[in-house]
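Two complexes, one shared chain (subunit A), two partners (subunit B, subunit C).
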Partner chain A sequence: MNTAVLQVEDLRAYFRTRYFGVKREVRAVDGVTFEVRADEIYGLAGESSSGKTTLVKAIAGLVKPPLQLVDGAARFSFLPGVRTLATASPDVVRAVRWSRLSYIMQGSMSVLNPLRRIRSTFDDFARDHIAGSAAEFERAVLSHLGKVRLDSSVLDAYPHELSGGMRQRVTIALATICNPQFVIADEPTTALDVIVQREVLGMIRQLQQEIGSSVLFVTHDLGVHAALTDRLGIMYGGRLVEEAPTAQLLREPRHPYTRHLIASLPRIGTQERRDGLPGGPPNLADPATGCRFHPRCPIAMDVCRTVAPDLRPSGDDHRVACHAEGAGP
Partner chain B sequence: MTALLRLDNVSQTFNRGGLLSGQRIDAVKNVSFALAEDRSEIFALIGESGAGKTTLSRMVLGMQRPSSGTLEFEGRAIPTAPGAARRNFMAKVQPIFQNPFEAFNPLKKIDRFLFLTAQRFGGAARGAAADLAVDAALERVGLLLAEIRGRFPHELSGGQLQRVAIARALVSKPHLIVADEPVSMVDASLRMSIVNLFARLRDEMRISIIYITHDLATAYTISDRLLIMQNGAVVEAGDARAVLSAPKHPYSRALRDAVLTLDSIGLFAAKRTSNRVTEDRDVK
Partner chain C sequence: MWRIFKDLLKHNGEFRAGALLISIVVAMAALSFISPYAPDVSYVVAPDVPPNASNWLGTTSRGQDVFWQLTFAIRNTLLFGLLVALLSRLVALMVGLLAGYCGGWVDRVLMSVNDTFNVIPLFPLLILFYFVLRDRMSTPLLAVLMASLGWAYDARLIRSIAMSLKSREFTATGIFSGMTAREILLEQHLPYIMPIVFSTALNNMNWSIGLQVTLAVLGFMDIETPTIGSMIYWANQHTAIVAGIWWWIAFPVALVVMTFVGLFLLAVSMNEYIDPRSRLAGMEGASQ
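Now for the complex of A and B:
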């Protein structure tokens, strides 16, 4: 059994606002428990507003009002005794940020400073974490850029001079140059077209293998998860509804939401009609009682309207949050 | 036979940079195709970002004049200058844009857009006639005027907003809809309901649709014919199923093969040939 690098326990992060005495609370992440093991790529899938990005932000400690960390823990194995990064002291955060834990963000254009050359951006991000002279640092950067098939010419370029695929490769190189133990990748390939995406995904796996790090990979694209991730968690309405090794989850989905999601994907080669899911995504400011999926669920029972199902083990390494699965509550 | 839409050797070039140091970019190069008037169809335009799909669609909508070549709609050149001809054309050719959250002004109520379209292009000025026209269009997309009236864009989900955008396009009873990446911002669980809606518009209302996308799977499912573009030029065109089942051009083949589906399980799986021990990791 692999050891866990990240352990998330009952994490709750809400957006809380108060204007003119009117309080609003959006429960973007509402009781999520899972672990990311050593040397694996863990995928998180779910539609927009299912809480994927809020969850990774809470894990990375990027919690700023109106987002509040309400409860729970996100423990990293390299930070024993620290409950969450969001509540840790700035010194602790500074010690691990980028060197042990790094983040590949979605919009490569908004991550890279448009007024600074790529060389300066590498200085900004990684110089503090890598010992040695400036020349040694540059050599390290260049050899690392080689791993994502970029040459020294990009160092002198400004972000706008690079194509979307090259920019995303630069951000991947940035995030992995310190050989971090844990990398969070939030929709890193969504803005790229399919041919470039394939190339970038291959690089992420290759780097993950070389460094031996764990990756938390977020995307709504199940095709990407199928190709890349080792285990997969499906989020719906701020909760994890199903989790299993990726191949198993895609071949034998157990939660009705996952089943529907997979059945609704169109494929090249089949002409049969695919239907969307009826109803709309849940309103997290006023979530449904009980299971959040029950208003759209084809097999909803009475208990689903009142009691929220826990994420329970169901078979080998498979967890499902559904009353219809296994024994009742 | 007059075609609904006919493009003949259409090209568009842009100049970038200064007069001396600038360079010419061919965004669209010699594109020709025609949509028949008597047979409604979904015509997909496919290609990577920068292939010229959106530039082509802007020319079809008359938002931009081509550098060379001709575009004809129902036998007449597409009008780009304001006037009665342009208004008449806009009623018959309606756009649907990529991001429904950006397509509507967030500070205005959403029914306003429907009524404005009814007023300008639908012939229904105000009151009960306008209500009826708008309600009929909303019913087509599975919504009710009562649900929408008085709501602001942020109160609706992305899927609902995109359906309102489609309803707005339907108010003027168009012959052609140009949909630029209409489902790329919509969640996977709702994507198919929008795509199926397009098929219904084609079959029931006889509306032709130019469907711009980089999603080959939905293009395969609903479109009748398609055009694959690369760097502004058409590399392959023809019957959608035939082309995607057996693409001939190397680029279309690369595009088709790069699509990741549920069958791509383990494509980039870890290669665990060496018995790696996690403890002796080399951490800097």
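Now for the complex of A and C:
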């Protein structure tokens, strides 16, 4: 059960622009290494502009200028020999997208074209990936919609006739209809209120278990991660700073950034003030030298200013990128 | 579609008026098929007879019945407008969608061509075409010419919408799921653009009919085919106003004005229907 479906190695993706001779480089993803195992939901968390969406785009091969894949690999187990989807040939990419690898995009409320009925949207996106006659396709769609507890009347509706939760469930059904081995979900529940959110999360978990796929789940909401994901990676300034099984990471965070992130969560019953960290998210066009967190880090040492820490194992299935952790530099 | 039509007819005064005017004009054009006289023969009735019971709109100095002549004239004029609108919509759609969706150098090339067409002075150019082609200038040829000159404004409009559609999530998802550019443009984007195409088509018809009448009145086009413009041209040639044959010139002018106003009202009410903000403002119970 521990084989990796996705192996990301030292992935670097920068936004590079050149206007009127002025070059700018934003290092949105700067050397990220992790793996997503078979049959697990891997969570990615981090504040806005920490590179979460860029990372999943680079993994999915949605790399378009000004974004450039600079270095590294993102290998899928079902695509042996392909270093990244972004550099693979279009035929290879076409063969796996949607059928093996699907993507629930950020702002997924607007994935559905408001002028197309749900039936047509299924036709547009998934028909080419499922063999068989139109009637068989319709049966497959209906039985799949049943799994997210929607009935056939949805097919003839326009998106605006559905509630937010229903639309979200249609989007999830759309992304999973081909029983993909790998699903990338980028903030799929952010626009929903907590009650609908819980229902949708349960559905994602249930579908994931039925299909046996792996899910890469991105959201800044640690509460969602706690409820859904198996393992959790924390991103800061384009890098992965800590990774561990979700429960363990939330119980005993080791990276100072993660500690503050978790300490800032309000808890029921407490009255005390939550302290924020001074400073703001790093400017990725001009990142700090050494560890990117050191200007805000309460325990920064001299070495942090010059040497960027690697993500090193620290205990059972736990990895941290911090000089203060473990054996030190 | 039919329900939209009925709703508009019921609740939109401008649409009602426009639809009434245009149906009169279209009925007039349809009558040409049962005309007792061929359009190109003259001296079939007594010349210069004022409107009366048997010649409802009088007769011309060339011995033609104004009413029946007018049915042919408006038919040709309407067909001309439709042909220009149809052809120019095809070009505008293709250029606008491609430029907006592809972006980059495709956009830059198409838009520099587009902007060139935008700044060409039309009227002198069309007169030039007449002087070069002379007798070979026919109404269908003029329609093709005007269609190839009249697409640029609307192509830019369509491009702007296509650019915004390109950045929507469903386009990104479509690309990710492996839809081709053609499928995305035809299935995902075209439904957004059709109402605007429809509304601009009506305005484009008005523009082309107006220009055609102008050219014909001045004699800068094929004046043998009966159109509204060529009828006015012949009336002027026979000094109809000075001779007191006012009906020869008044009725064609009245009919073409009806066409203009009708098409304009339809385009305005279509616009109002397409734009949800003005649709909300016009809803019953909203403060006017």
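Just so it is clear, the second predicted complex is superposed on the first by the 327 of 329 C-alpha atoms of A that agree within 3 Å, B and C clash if a C-alpha of one lies under 4 Å from a C-alpha of the other, contacts with A are read in each partner's own complex, and residues count from 1 in each chain.
Keep this in mind: contacts are C-beta pairs under 8 Å (C-beta built on N, C-alpha and C of every residue); 3 or more make two chains touch, one makes a residue touch a chain.
Computed from a predicted model, the values in this text were never measured in an experiment.
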item: Subunit B versus subunit C as contact partner of A:Trp98, first or second or both or neither; value: second
item: Partner chain in contact with A:Gly81 - subunit B first, subunit C second, else both or neither; value: neither
item: Touched partner set for A:Arg198, first subunit B, second subunit C, both or neither; value: first
item: Subunit B versus subunit C as contact partner of A:Pro298, first or second or both or neither; value: neither
item: First (subunit B), second (subunit C), both or neither touched by A:Leu62; value: second
item: Which of subunit B and subunit C A:Gly21 touches, first, second, both or neither; value: neither
item: Partner chain in contact with A:Val111 - subunit B first, subunit C second, else both or neither; value: second
item: Partner with the higher number of touched subunit A residues, subunit C or subunit B; value: B
item: Subunit B and subunit C footprints on subunit A, overlapping residues; value: none
item: Subunit C residues touching subunit A - in the complex, by the definition given at the top; value: 168-170, 172-174, 176-179, 183, 187-188, 191-192
item: Footprint of subunit A on subunit B - complex, ascending; value: 48-49, 157-160, 187-196, 214, 216-218, 220-221, 241, 244-245, 254-256, 258-271, 276, 278, 281-284
item: Subunit A to subunit C touching residues, read off their complex; value: 60, 62, 94, 97-98, 102-103, 105-108, 110-113, 115-116, 120-121, 124-126, 128-129
item: Contacting residues of subunit A [partner subunit B, same complex]; value: 2-3, 38-41, 47-48, 99, 130, 164, 178-179, 181, 193-198, 201-202, 204-205, 208-209, 212, 220-224, 226-228, 230, 246-247, 250-251, 257, 260-262, 264-269, 271, 273-277, 280-281
